[in-house]
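I'd like to ask you about the structure that follows.
In this document, chain identifiers A, B, C, D, E and F correspond to the written order of the chains, with residue numbering beginning at 1 in each.
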Amino acid sequence: MFQHTKQLQYNAKPERPDALFAAKLQELVGGQFGEMTVMMQYLWQGWNCRVPGKYKDMILDIGTEEIGHVEMLCTMMARLLEGAPSETQAQAAAANPALAAVLGGQNVQHAIVTGGSALPRDSQGVPWNSGYIVNSGNLLCDFRSNVAAEAQSRLMTSRVYNMTDDPGVKDMLQFNLARDTYHQQQWLLGIEQLIEDGFTDGIEDSHADEEKTEPGHTFYTFTEGSKGPEGRWAQGTTLIGDHQIEVAPGAPLGDDVNQAPAPNPLHYVTYDGSMGEGKPGTAGGAYLQGAENLLSKAKEALTPDKDDD
Amino acid sequence: MFQHTKQLQYNAKPERPDALFAAKLQELVGGQFGEMTVMMQYLWQGWNCRVPGKYKDMILDIGTEEIGHVEMLCTMMARLLEGAPSETQAQAAAANPALAAVLGGQNVQHAIVTGGSALPRDSQGVPWNSGYIVNSGNLLCDFRSNVAAEAQSRLMTSRVYNMTDDPGVKDMLQFNLARDTYHQQQWLLGIEQLIEDGFTDGIEDSHADEEKTEPGHTFYTFTEGSKGPEGRWAQGTTLIGDHQIEVAPGAPLGDDVNQAPAPNPLHYVTYDGSMGEGKPGTAGGAYLQGAENLLSKAKEALTPDKDDD
Amino acid sequence: MFQHTKQLQYNAKPERPDALFAAKLQELVGGQFGEMTVMMQYLWQGWNCRVPGKYKDMILDIGTEEIGHVEMLCTMMARLLEGAPSETQAQAAAANPALAAVLGGQNVQHAIVTGGSALPRDSQGVPWNSGYIVNSGNLLCDFRSNVAAEAQSRLMTSRVYNMTDDPGVKDMLQFNLARDTYHQQQWLLGIEQLIEDGFTDGIEDSHADEEKTEPGHTFYTFTEGSKGPEGRWAQGTTLIGDHQIEVAPGAPLGDDVNQAPAPNPLHYVTYDGSMGEGKPGTAGGAYLQGAENLLSKAKEALTPDKDDD
Amino acid sequence: MFQHTKQLQYNAKPERPDALFAAKLQELVGGQFGEMTVMMQYLWQGWNCRVPGKYKDMILDIGTEEIGHVEMLCTMMARLLEGAPSETQAQAAAANPALAAVLGGQNVQHAIVTGGSALPRDSQGVPWNSGYIVNSGNLLCDFRSNVAAEAQSRLMTSRVYNMTDDPGVKDMLQFNLARDTYHQQQWLLGIEQLIEDGFTDGIEDSHADEEKTEPGHTFYTFTEGSKGPEGRWAQGTTLIGDHQIEVAPGAPLGDDVNQAPAPNPLHYVTYDGSMGEGKPGTAGGAYLQGAENLLSKAKEALTPDKDDD
Amino acid sequence: MFQHTKQLQYNAKPERPDALFAAKLQELVGGQFGEMTVMMQYLWQGWNCRVPGKYKDMILDIGTEEIGHVEMLCTMMARLLEGAPSETQAQAAAANPALAAVLGGQNVQHAIVTGGSALPRDSQGVPWNSGYIVNSGNLLCDFRSNVAAEAQSRLMTSRVYNMTDDPGVKDMLQFNLARDTYHQQQWLLGIEQLIEDGFTDGIEDSHADEEKTEPGHTFYTFTEGSKGPEGRWAQGTTLIGDHQIEVAPGAPLGDDVNQAPAPNPLHYVTYDGSMGEGKPGTAGGAYLQGAENLLSKAKEALTPDKDDD
Amino acid sequence: MFQHTKQLQYNAKPERPDALFAAKLQELVGGQFGEMTVMMQYLWQGWNCRVPGKYKDMILDIGTEEIGHVEMLCTMMARLLEGAPSETQAQAAAANPALAAVLGGQNVQHAIVTGGSALPRDSQGVPWNSGYIVNSGNLLCDFRSNVAAEAQSRLMTSRVYNMTDDPGVKDMLQFNLARDTYHQQQWLLGIEQLIEDGFTDGIEDSHADEEKTEPGHTFYTFTEGSKGPEGRWAQGTTLIGDHQIEVAPGAPLGDDVNQAPAPNPLHYVTYDGSMGEGKPGTAGGAYLQGAENLLSKAKEALTPDKDDD
């Protein structure tokens, strides 16, 4: 359950409105790596975390903080959009080309849809969707995704930071940059903790003993003259398993070609018969064979009974 | 430029068709972390990589390999879908409940849309979209995303691996598992190489000297009784900058509240006047003030000229 | 800023796992009118509300409550998914058709993607997106949307309620039904309050004095023999403005036909010249004429100066 | 079945082209609350309406009218886009900054994709999708959604109205404003009619006797110092059921915490064993227990028969 | 403007309900090539057609017919969904595996969302979106898209036709198949008419005299041992221009490599300096150079004036 | 399996950067008919082609070529984006309105998200999704889609070609135009080859003998005064089947009206009982009746056995 206070976690006070910058700042609100993404990603991971105690609590602590970050950005956006253009300004714009530029560059949904507020969309107007987030239950995998999200988020914040010279906006972004610096480390340290607690060796390797050996430590190159083999990833030993990393030219490792089988005649797929007759869809794979066996046994069992009469 | 050979990189030979399993395998084709995602992510990163040589070549090597992985999976899918149900089977299904189950559980687009082939969609039928991939140009950030993608992809492959006992399918997935094991390390070693080559210290920290200090090394907790502070992420020193990590209760750090300013009267936003009069949209922030100054100077410059006459 | 407690707002304790029901319950999590929708809709409306005090606080109170509702549903989902099928079960399913049915009807992403947890998606696997929510700043319009969301949400909850006989699930849904009953009224009473406070007359009617008169109180019918005119909406007086509602057959009210003008020749649009020559894109509407006037005046102003030499 | 006439329902005659305004007008064509939305929403509700006569006919009357509204807007758009910029204009734009502004602010898909026509997208270029519409079969719920759609649609029309001073555009929008004024009332009067006809009491309350009592008439507050309790929604009696509305602080109402159960070991979810052993997916909830009972009874029934031999 | 009649264009009378088949039939309602697609595609093309008379009228005739086809399918769907499962049926399903299969295979949104009616979605539950349709204004291009849409639509109808043996459903689909047969020809004959009327030679070839010569009639092969050169597309003469089609191995035709330039230092893109210093974003391409020239001329013009004083 | 070379298929060398043009060029990268679409469409069709030899090889040849076209466009984009604006430029823009225009018209994700590289999105920022492509297995249908894709793609390339005067950009687009000219013919010749090889008569007509006769060769008109009947599509003989094409007014051809049946009472759909009682969802169509028959027979078979004892 959650509680709310009216105070923001940090100040979101621009010195002056700036509708053009607000259009750009949308990327940090509702973009692939905006605040909505980390808020939703951490809340879902926290709710679904199966290790009670420090892991679950930590994830929900940061998830809860991120709700407040969306709140800060929405407040900042509303202030940047104060007095944003919303009138017929053909005359004015013709006489004032810089106004025309603002009219062109602003996000008109800020006027038409929200009436001067943030949109749950990215800087191109694409609605946020949950295809951006991940919640696998495997903390190593999810922490890897979280490090990446914080790194990408910080990079985009840094780029946006260069697009304004408003001291109030910069002040808030300096706070966001710092959190992203810390949060990258928080998730990396979380992986260290997972290793220390014996949950993983740092590489997702379930079914490790069943995977093929050679492709597990070989760098294949598919480009003539590739310098790919010169990097650390193609030399020395693997991080787990202590294999020597090998380099090999990309080549077929089996004897298979990309040929699909004869199609079902009821699908009207173009076919020349070269792979034999297609099978109409009366079978459904392994399930049915087993089921038919079972049923025929049941029938046999029943039939004799009748004969008993 | 690319070339193609008809041979697959590795075998994709199921022992028997299985339409229900094919529906699940779609997740590894067109899901958030399916083969289409890594193929497109690496190709785009490679094309846009600004460090010629080992980095750019390595990324394009793996991107090229992944095109072949989509090819393998599509071939496998077509073989699993051989003879999948496509007819009216009300009678048959009523007499054979296991067939009814297959009819219920199969993906009907495999029959209706592709005629027995893979779909560029996930296991729920959601079309693949490029919102799944990232290409920031910053190799640290992108390699972090790539480690995460390989870890998540391997985890999902491992889960799918448990859903079949077909030796041919398992054989191919053992190859995929191995590649994902190696590729996780490839990207982690790529980060080591980036550090060694002096491109990064492992944390995205552009504008490092402008970010706030304390929020850069503090774990805030927002849950009463949270055990979050017990983890490594809340103790010891930071990974960069050698700060002591601190713990603090989540609390407002500034003096700001979440209040939006008076709205533009032309937006018909509900408002009680308590924050003063709203500003109609005749201004566009800093741009306009500057432009007006410029224009008025230009006018001044012109006006005296006329006076010269 | 937000705080979190580990306790749920209400119990989410199913008596037993049920993977098939969990697939249906997804609709109440991430569907068009699921809990994610109301959570996000109210938080955004609250953050952007321009009337401080009872309105803004009320909206944020309910928005904060709804975060906890998503949490309740996620917890319920994880419990319903306990031990959900995730193995190869061809043999078992063939021998046990009911298991085959579960395998067919369950949502395989619950196994492959989340490892036994809820997805931020609807019952068909479609990711939640922010195109479901609205935040216009006009409280009348938004409260109308909120009544609708609560009514639709309650209806879907009621339908899902019939799909289980698990007492623990029913217990939680009885709580949700009650909240939706209250929340419908909360928003309707909110509209009453808006009227009482003088913010609206209950109908969005900005620019009321500029709209056309007759189409503002006429029911047009476009179906031969339509009984549409028999309803209250086609009789008596309007709710605002005290007009007699009129009925008229749907007919062109002006003299215009659906003809597009001659196309730009540079667009290669198929055209027979019957509407005269198309205009290439050298003009941009009203802006340019004004701008050109301004510039030519400036030029004129400059040119005489030179003549002065 | 439908018929078409070439005449528009109302005039769509702009006085002059205006590519920048056309980009904004897209919101009223293909936005969340544009004409495509109400057209599709009403047609689907009408086709699926289960009350023949005045309700079904009325819904289809307005649905049919709305097809014509999309037609009007498309015609208007083509006329606004006449001669919109489509050539290389670097030189011209450099010499004419206002042209540069138009080039920046116009929607380039109007030139590249449609060749000077409307797009079935919103003002940010996002394709219209059917996730915007609702068709629940419950007329109360759907009429609530329809009132909201008309109110939001009218508000956005009003905002767009301020962005032009073209008398022809304003003339058409005055017609649209009037229809939206009437349509809001049409749906509200539809609800009155539903109540009068005994279909509802105005609140969706199926399963009314099973819902929890107290949460059905209580305003919970989750913000310290919230003024939410000062509104009508927190005082007086409910609209149905004649309860006194109560106010209570948001607090856990049960004894449950947000803990997910032990995970399935085959999901490789991170877990410390603290909740006991996870269950592999061999069970599927209530269905299977019943099915196994049935099958074992059948087996028993069969086995003795064999013994009879 | 449009009119409606209550009668369907053709009968939509299934002999009996069939919830499983209804789930499949969704593909023909809201799939990529379902009736919603052709309805919307033709209406938009018709409204935007620039050749008045037989072309514009024909397109709107078929567009208007297709609205009625969506209506037929929605009516059929509601009838197929009559009495579809919507209750808790764990007990019943356990005792009746075929019921369990239906519960698994049905589309639960038919119960939860629409209450027994069609959804504006495809057979996998993906909402219809306007990214499926095309409206370019070029009738050759659009008629090519329309032939394709009718061919794909007919193929999917044919596949779905095999999935039912209900005489009433088959009766309606026989009507749909016939329309798709005719409509394919209608659009092909439309292309013949366009050629006869002199609008095109059957190939979109605007800027024909500027395109490169050789790549305009050469089949490049990128696969070792490709048999691609054996087809008619690689032999004989072109359809326009009377060139001999040539075959060539895929090879670089210029001297360029896939190297991106030095990045902007403010983007924090990883870069080793090997391509010189990156340029920060102070320039915007050709526009600015021209603009600066203009402004500096203006300044010069102004400055001497002052000197005149 | 695929191989890569560092050389581009053709040069992608702009003479100078142009951020505004780059924003437009995105349409040819990730739009509905951009290079990503044809690349993915052909690769998937090729992998799934069931006719080995010239057809499969040809499709994969062109699919492989198109990967290289995406590569060319990405390289071109990075070069056009060199030095694109990324800094605070309020001061500069105010003093230089043309810079303001560029700032407004550029795609800010080129700076914020990719750091100066192409996006896998269209010119409005909408992510590419696989709903754009088709892979039906029926080569006639797919070649029809491919002709359309190439025609639309060429048209959009031609329109974009007019938007630049950069000789390097024009040089590359001249190559693209030529390929699109050839590829349109390639697919049309492919259809000729399919006919020659006996796979089709050029019209998708599976189940030809079951479709209705008259609707297979009739043009229905739904517009008063339509000139639609004047075209070739309404006169002469059909392309297959040698029927005289007929013209008829659009009229109901059966006796059916658009009435949905009585709803399931558990769906709470508004209903007046006029069509009898609704059926609760205890039945699932034809499947269940058959299943019940089977089970009751099985029970009968079992029961007598017991009686035998």
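Just so it is clear, contacts are C-beta pairs under 8 Å (C-beta built on N, C-alpha and C of every residue); 3 or more make two chains touch, one makes a residue touch a chain.
As the structure is a computational prediction, the values presented were derived from the model and not from experiment.
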- request: Name whichever of D-E, B-F or A-F reuses the A-D interface, so over half of the contact pairs are the same residue numbers.
  value: A-F
Field: Turning angle required so that subunit A lies on subunit F, C-alpha fit (0 to 180°, nearest 5)
entry: 120
- prompt: Count the touching C-beta pairs: is A-B or A-E ahead?
  reply: A-B
Task: With chain centres taken as the means of their Cα atoms, state the distance from subunit C to subunit E in Å.
output: 26
Message: I'd like the Å distance between the centres of subunit C and subunit D, where a centre is the mean of that chain's Cα atoms.
response: 3
- prompt: CA centre of subunit B versus CA centre of subunit D: separation in Å?
  reply: 27
- prompt: So which bits of subunit B are touching at least two other chains?
  reply: 1-9, 18, 20, 32, 47-48, 55, 57, 60-61, 64-65, 68, 71, 74-75, 78, 86-87, 90-91, 93-94, 97-98, 100-106, 111, 113, 115-117, 121, 124-127, 129, 131, 136-138, 140, 155-156, 158-159, 162, 204, 206, 222-223, 250, 252, 258-263, 266-269, 285-288, 290-291, 294, 298, 302, 305, 308
Field: Complex contacts: residues of subunit C adjacent to subunit A
entry: 1-9, 30, 36, 40, 43-44, 47-48, 57, 60-61, 63-65, 67-68, 70-71, 74-75, 78, 90-91, 93-95, 97, 100, 113-121, 127-131, 133, 135-138, 285-291, 293-294
- line: Contacts from subunit C onto subunit E in the complex sit at residues 18, 20, 23-24, 27, 31-32, 97-98, 100-106, 122-126, 156, 159-160, 162-165, 222-225, 250-252, 258-263, 267-272, 274-275, 298, 302, 305-306, 308-309
Task: Name, in rising order, each residue of subunit A that touches subunit D in their complex.
output: 1-6, 47-52, 55, 86-88, 90-91, 93-94, 97, 100-101, 103-105, 107-109, 111-113, 115, 121, 124-127, 136-140, 194, 197, 199-200, 204, 206, 298, 301-302, 304-305, 308
- request: Using the touch definition up top, name the residues of subunit E that touch subunit A in the complex.
  value: 155, 158-159, 162, 266-268
